[in-house]
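Which chain is which? They are A, B and C, in the order written, and residues in each are numbered from 1.
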Amino acid sequence: MINIQFFEKSLQENSKTQSMISVQKLNVFYGKFRALTDINMEIQEKKITAIIGPSGCGKSTLLRSFNRMNDLTPNARIEGRIYLQGEDIYGNGIDVVDIRRRIGMVFQRPNPFPKSIYDNVAYGPRLYGVTRREDLDAIVEKSLVQAALWDEVKDKLGQSGMSISGGQQQRLCIARALAVQPEVILMDEPASALDPISTLRIEELMHDLAKDYTIIIVTHNMQQAARVSDFTAMMMIDEARSGQLIEYNQTNTIFTRPQDKRTEDYVTGRFG
Amino acid sequence: MSEFGLLIEVGMHRRKARRKATNALMLGLTVLLTVLALIPLFWIIGYVILRGGKAINLDFFIKMPTPMGVSGGGVLSAIEGTLVITLLATLFAVPPGLLAAFYSSRYPNSILGTILRFSTDVLSGVPSIVIGLFGYALIVKPQGHYSALAGSIALAILMLPTIIRTTEEMLRLVPSNLREGSLALGAPEWKTSLNVLLPAAMDGVITGILLAIARAAGETAPLLFTALGNERFEIGSIVSSGVANHQGFLAILDRIFDQPIDSLPLTLWKYAQQPYPERVEQSWAVALVLMVLVLATNILARVWIEIRKKKVRG
Amino acid sequence: MSDRTNTSQSVRRTLETEIQDLRNDLIYLGSMVEQQILGSVDSLKRRDLAASEQIIQTDIQVNKKRYSIEEKVMVVIATQQPMAHDLRLLASMLEIAGELERIGDYAKGIARISLRIADEPLIKPLVDIPRMAEKGADMLHRAIKAFIEENVPDAEIIPTEDDFVDNLYDQVYRELMVLIIGDPKLIQRANWLLWVAHNLERMADRVTNICERTIFVVTGELREISSSGD
């Protein structure tokens, strides 16, 4: 069942792959409250990394640190560094807009804009100065194809983005994020508001997307993390209610032979 | 079944007849009181139609008022005046109102936001005649004469609280992750507000504006000290006489700043007090027109809501 | 017993109850197979053909029990999504049920040989072969116990006793060789007895596998424990 030789070999392979995102001693504060403590992790390029843990353990806070969405929370402050392909994303002179273009986000509840499907996907490119109709058409089509939604909506691009089903809306939001050519896609519990079939479709989509994009997904559904991800990060809060990274390893290992007892307890469902 | 279950079942059966009677009584009472509440509305509508309907004819709408004692003539100037003033007031009130609402909904806990909310509440409670007085002191006195401009500004001030409150409510109803979705794509805050939040809240915002318009159109007190001074002063129309005299757009605009302007509520107030029977009759007609105008705007607002609702579902 | 058996307060009561049932099933199967081995050698020694026949019949029950355990494990995996230790435990139960069934087949093989020898006298009195059987059965019994209790130290010791069984096998082999050289007509019956001994030696190997599984369940390591004789 577990092939030791295979495990060792793939560990070697991965140490040669470049880190897409490097998190070094990250601490996030909301005012005086320390929400995350000393997080260190390397996100591998073009792999799917899942962040799991009980509610309130800081998973979303960590995710939102990657695209600086935490900046929107008043009194939010970080210490430590996050590097995107070697660049410090919180450094001086960094354009937040550029970071958010390179690191896209898909939210828990699908949030299509009250515009047509076409305009939803074209919103991002338009922000960055793409105005020619032919260019926008091409980008919209390509993004919808990548999000596995094109066939279902190609005849109704003018309809409101809110008129399609929940699963389709979420794929629309994915297409919208893809339209600006990101390098990383963050997904915050992308399927938790969807029915099981839509959930599985999104999971299959993630596998396809991982060929071209680095994906980081926060999920409270362990089986989903097990099905979908290559690497899994286990988080938990300490006594000071600050989030910590307990264990970070290949998904296979986390779910068959976790090293930390807390991970084992969580993963076997005996936590709490 | 436990012994309690049996108790409850028995009690239920025993009280059945009485329950039915009580239900019927309550229902009847509610219906009665509802009808009672609706009576004033329908009475007013009916009465105004009755009294005012007599003086309604085509002339009424297209002719200027004739001198006193002379029969015939219409209230064209008043109609035109109401339209002009209300339009101007809307133009003055909507941009600041919207922007203020955007600010206070985005930064609700800031000093400015708190002050804004408080001020809006206070302003909505200020009597409209006081606002008229304010307009007088601010614009009419320095300018030296009454004007449509002063009237519109007074009305705009009246409209502001409604617009700000409704817009703020509507913005609050927009799901926060819509905003986040736009920001996450790299859009700056102002573009997000303009391109995503405003369209999302648009239906409610428009409803708010329509309701504010409906209220402003019917206000008399603010106009007393701003758009009109002497009640015996007959005012010419600005736009239609300007067009008739081939005046340019700028010239007409100029007169808006310079000249006092008539309006429906004002006319009603004037005519109702005059000793001439036709005038009094006409005042009823004006009341009818005003009422229809306000009702129509309200209904329009609600129809708009329904249409938009259907569009989202479709 | 691991600390997971506090079933009454556990969040995963259902899973733990299922696992406990499966443990009991394995104990039952293990004990069935133990009896089969001891019984098959005993009936061979006493020339009790009816008993040998019974052994062969009972093997059907052994197989049934094995499949029932397998099916239960599959159901638990599908419905409970076990992870980590639970997953390793259930996967190991599948393996061990298989090993036990094979040991059961060895017992059946021995009983068949007993029927083949039939009324002919044994070419030598059985001394070492019963000792192999007793040792093997004892090792099996303790291995199952170690698995149920998740006792790694015991699981590490038992395979070392395989040497004892191997030595007995060598002895049986040498004695039978001597007999054959002395009287080549005995080769058929000697072969049969050798086969019996071979089955018992293989049984000890299977017990070693069971011990390796116990270690895997507890530590997550799949390690081969080789006894010095290999």
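Here, contacts are C-beta pairs under 8 Å (C-beta built on N, C-alpha and C of every residue); 3 or more make two chains touch, one makes a residue touch a chain.
Source: prediction; values computed, not measured.
Path length between chain A and chain B in the touching-chain graph (shortest route): 1.
The chain closest to the protein's centre is A, with centres computed as averages of CA atoms. The chain with its CA mean position farthest from that of chain B is C.
Distance from the chain A centre to the chain B centre is 48 Å, each centre being the mean of its Cα atoms.
Taking each chain's centre as the average of its CA atoms, chain B and chain C sit 91 Å apart. Chain centres here are Cα averages; for chain A and chain C they lie 50 Å apart. Taken together, the chain A residues at the contact with chain C in this complex read 1-2, 4, 222-223, 226, 255-258, 264, 267-272.
Of all residues in chain B, only 109, 175, 177-178, 180-188, 191, 195-196, 199-200, 202, 311-314 touch chain A in the complex they form.
Listing the residues of chain A that touch chain B in their complex gives 67, 69, 72, 74, 96-98, 100-101, 104-105, 107-109, 111, 113-115, 123-124, 127-128, 160, 162-163, 173, 176-177, 180.
Residues 4, 10-12, 15, 81-88, 91, 220-222 of chain C are the ones that touch chain A when the two sit in their complex.
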